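Structure record follows, encoded as structure tokens.
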């Protein structure tokens, strides 16, 4: 089974890390293909970056579908382009915030989110509402550090992240913690042990959910909300994205 | 006061109609400028078209902001790109579904939406939830006709639309009706009289809301959710959209 | 266009201030008429005062409707009598809490309310729920000062108010602040600058919303919830309020 | 124990009927005193009538409190004046819609409301939301008959009411039915038997709830929402309603 | 009227205390019978204990129904087995958390819960949601003391409980406090006086609600959700619990 | 990886069918062990049967945990005993309604449930609320046929089921259908094709979700809600279920 993991920003090194994390948990028969668009922002922080990552992301999904991918993962914690991606495929499409929240809802009755940039707090709160987990969510904690700092061993970021976890665990008494940002994925195991509760990282859960749905032959419903796009002309630089043929990717 | 109305599809004739509707209700001192992107879909029906209309829409908002626009309207009933547009300006940005629903909430306690393509019903229901009007909304009725048919005097569309209104008025007893699609805007006055309750068309309400906010010096908050985009490189065809300078449009 | 602003308490000096604030933002063609009932409480703090302000308020709305008013504003932050006022007119009727919350929902995704007397916190929370903004509302902060103290330059009230704003901005990270009480209206501009986020005062937003609806010929729906009162006898001191004639004001 | 039942309209014959219904279910030690204001509407249908019934209702509650009443019932299905009445007493105050909905929530998981005039549907839906029963409520059915017709044996009203019950039982499968209007109270027993499910009439449940709370020494909390009114002057015909003395009734 | 109070744990001394509390508030004509199962946990703390208390609890309800009980109370703050008990009787069945929350909703607009073991916080939050009081509930405070410690005069428990009340009253400004655990019932009167707001103990409210419903001839609806169990074989140690005869207890 | 599937009723033939369905979708390295208690009801329809299936179900989970099971599935659409089972293991525990609803939320934005006995409709609606999918759920359709009839080729049940699907698809326009009862699981593939939208059967999705969580080393959080039961004596027939040793299974 081929699963396409789309890192929607254009930073290839990050795509490589996400691919490694995904491959580490995939079933033996699963082939993980990780890509990123070549147009768009180098990282995604906020609504503006989201808007410009989506066309490239969709293009990757379409190419993946043409190439036989049986499942798709959107590897950015804001889950950008999820609905558009779903509309052009009959395969499952999973966002990593979506995967993390579903997982948290299965291992406990409540979660808190840490590591989210202040400007993305409203986005994550909105995703919790959209997916149905607004009551499970005890809060989304605005991080005082930048995501990139987490990769710098000399930065203070890990210490600040742990301090945030300690605080939300004590104040909100959540059953689990979600790492609200793709960059801190590799830390989930160690943090689970340190804090003695599930610390959830969306990428690996998204791999398992996608494998599961695809393995059962379940994909995106075409019945109503995700009906295939209608054939129509597109103009300008997007002309080649028109789905003129059949109305369905 | 300059208000920029962005028709996010690339059909210039529709932009003209929207401009005329907007100008007809603007206060004397308001200058309505109506534009559309030159890249993207010729009409917007569903998530895929939405994804590809947003970059062009954002570009128009940026150009408008540079040109001194003091308010922005997104003239498509799915309110695409609303959050991204808000993040790049301190002026108000209003979507026409948003304007219609706020208006309906001020003239009565409940509304029903008609004229929405089946594939957009989930989008409109989601907007009602996002804006806080899920309890006001008695239902979103999937139209059996195409939007373009409304412009064809020989088509059955008007008859079908009226039949839908009659049914939702009788079954759901809403206080008002929202026309869930930009194409049927011109009909609101006549339908209000025929059905003896407010029939609401988002374009004109959006003009008044935008004038109101801008007139008071109120615009998009930059405090948290709509903080200006961070400066960072963009690649490929979107390279020129990077906001490298100051982090703020 | 004549807009009647009803201050529902009987303190004429407050009516004058509200009138001045309203006139300062009205469009040139708008005539602001500000009145207050001559029966009822001198200020409105809590449910008891509300109950006794409503008959006089309704009487003013009726007189205003007879005198040709095309829009009505209820200038008390509890929005007393809103539904009853709506039932006797086909013109728009807007409450100032309603106007403030709708405005906050258009300039950001969340708001906090400050300056509300402790006994009115439940009322404001309930209005947020009624209007659909319970998720936008990050909290209603009970003020430790009296509303009248705000008008006394020697009092500590302004300092306490600013301290409350500072706290809710830091704790709840709202996109905007609503001043939860008519008495502090004049401060909104200065506070917006000081705290660098929109600080919203319902009176002026109510003027613009009312002008907007009336300008579009939109008013209160008579279809279901706000159907005109039925003709019937009234007894005692309210005998003259019976709408015996036509069932409609 | 003295319980004051306030019929908030001015129709004395209706007060008598309500008193008889209340007495029929009261415990032996309970004295039911039934009153109605002498100012206000002869019946309450919609927001306008509600506004004008409240001052007289509050006056009756105050007189009752002075006379030693230990509990209060507001005998109109719109529960008008409930909050104001609660603010002036430490005794319990119960509305009949409130009593009916609480009872329905204790005898089953869902209810439907019948017998409500079309103009009051929004009010009853709002009460369900306010009291927390919006998920229990399967719907509020707008009656096609007038309340007074129920008292006319030659009218069609009973037949129409039963037809509505039959329909909502079949369509919504509620566990119980609430009679949404004081006038049809006497019918609940017979309808329960005919339709083989609890048919709930708020007046008698309100008596039992009030006896229960008062019997336990539980009354309206004065801590926050229902703090006693502040002492202040009232003007005009309401001058005598000022609570100038102590700030507490 | 016979009311059966079932203490669902097997600790007879606790049954005796609950019986005494219930008898102290019952009307003269009410006979309180208090029982506990002889199989199951000695106290109920968490989901596991709940699961094993329910069969014995149901057995007691069945025996009570056979013996002519006209009302049932489940005297554990988690309200275990409420739905199953309701399905086998036409009499009312009330849980003590349910009774406490309904009461709190009648004496104020908000409540906080104290005295709940940390592991039961999710249960109480879920009951608030189920009963419709999630907006009334300002929070469920996890107690730092064990329930049994409350009975030990030398323990620190009372001091810790009061400290929790002081904190939630100051932070959440609730209108009332609910004691979230059967063991602290006897303290409600004294705490009400000390903190000057209603402190609610579910046992006594449950007695009054049950008397009220039974007194009106109102019981559990058999229409849909609580239809009588279907006749079918049961195996193993539960064989004698099969309701083979008529399908209805 | 060993996964224990517990059919909570005592009908061994049904356990066999469920085992076969589970094995058909399990990954090669997964060992499916299917069991049922030997005490309790032969089938589960309603709250009473649920109450008596839970102790046996918990016993099977404990034995499974002792035997090294790394994941647990509760194979009854009411998800009985889910919380209690979670409290005694650090492995994942999944209910089949839970699995079905999570799956439906990933393949579309809305679902309808068919095949549910009338008495279980409230249960399924409540599960949707508990899991967070009350907005996704377009309705739970009460079946007019018995579950067992589905296994009788001469019965009308399949025809009635299809007629229900046809109706809910047309009226509610859901993106997918959930089969609300374990007995009709085998039909999902064929129905998906016939109705051209995902028809979801909880058993197989539960297998994949359990494999996924267990494969990632994620299990039930012990932090708050599902903390291990406290050690304490149990009496009577349940004495051996006391967890006296360590407080943790």
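Order as written gives the chain letters A, B, C, D, E and F; numbering starts at 1 within each chain.
Note that contacts are C-beta pairs under 8 Å (C-beta built on N, C-alpha and C of every residue); 3 or more make two chains touch, one makes a residue touch a chain.
The structure presented is a predicted model; accordingly, all values stated were derived computationally and were not measured.
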Interface with more contacting C-beta pairs, comparing C-D to B-D: C-D
Fraction-based call for subunit F against subunit A, same above half, different below: same
Matching chain pair for A-B (criterion: over half of the contact pairs shared, by residue number), options C-E, A-E or E-F: E-F
Chain separated most widely from subunit E, comparing mean CA positions: B
Of all other chains, the one whose Cα centre sits farthest from subunit C: F
Cα-centroid distance, subunit D relative to subunit E, in whole angstrom: 28
Centre-to-centre distance between subunit F and subunit D (centres being mean Cα positions), rounded to whole Å: 43
Multi-partner residues of subunit E (each touching 2 or more other chains): 109-110, 118, 121-122, 126, 129, 134-135, 173, 175, 224-226
Chain-level touch network, classified as line, ring, star, complete or other: other
Chains touching one another, given as label pairs in label order: A-B, A-C, A-E, A-F, B-C, B-D, B-F, C-D, C-E, D-E, D-F, E-F
Residue ranges of subunit A touching subunit F (in the complex, touch as defined): 25, 27, 92, 94, 98, 102-103, 105-110, 131-136, 169, 173-176, 189, 196-198, 200, 204-205, 208-209, 211-213, 215-226
Contact set on subunit E toward subunit F in their complex: 10, 37-43, 45-52, 54-56, 58, 81, 83-84, 86-88, 118-119, 121-123, 126, 129-130, 224-227, 229-230, 232-239, 241-243
Contact footprint of subunit C on subunit E as seen in their complex: 109-110, 135, 173, 175
Residues on subunit E engaged by subunit A in the complex (per definition of touch): 118, 121-122, 126, 129, 134, 142
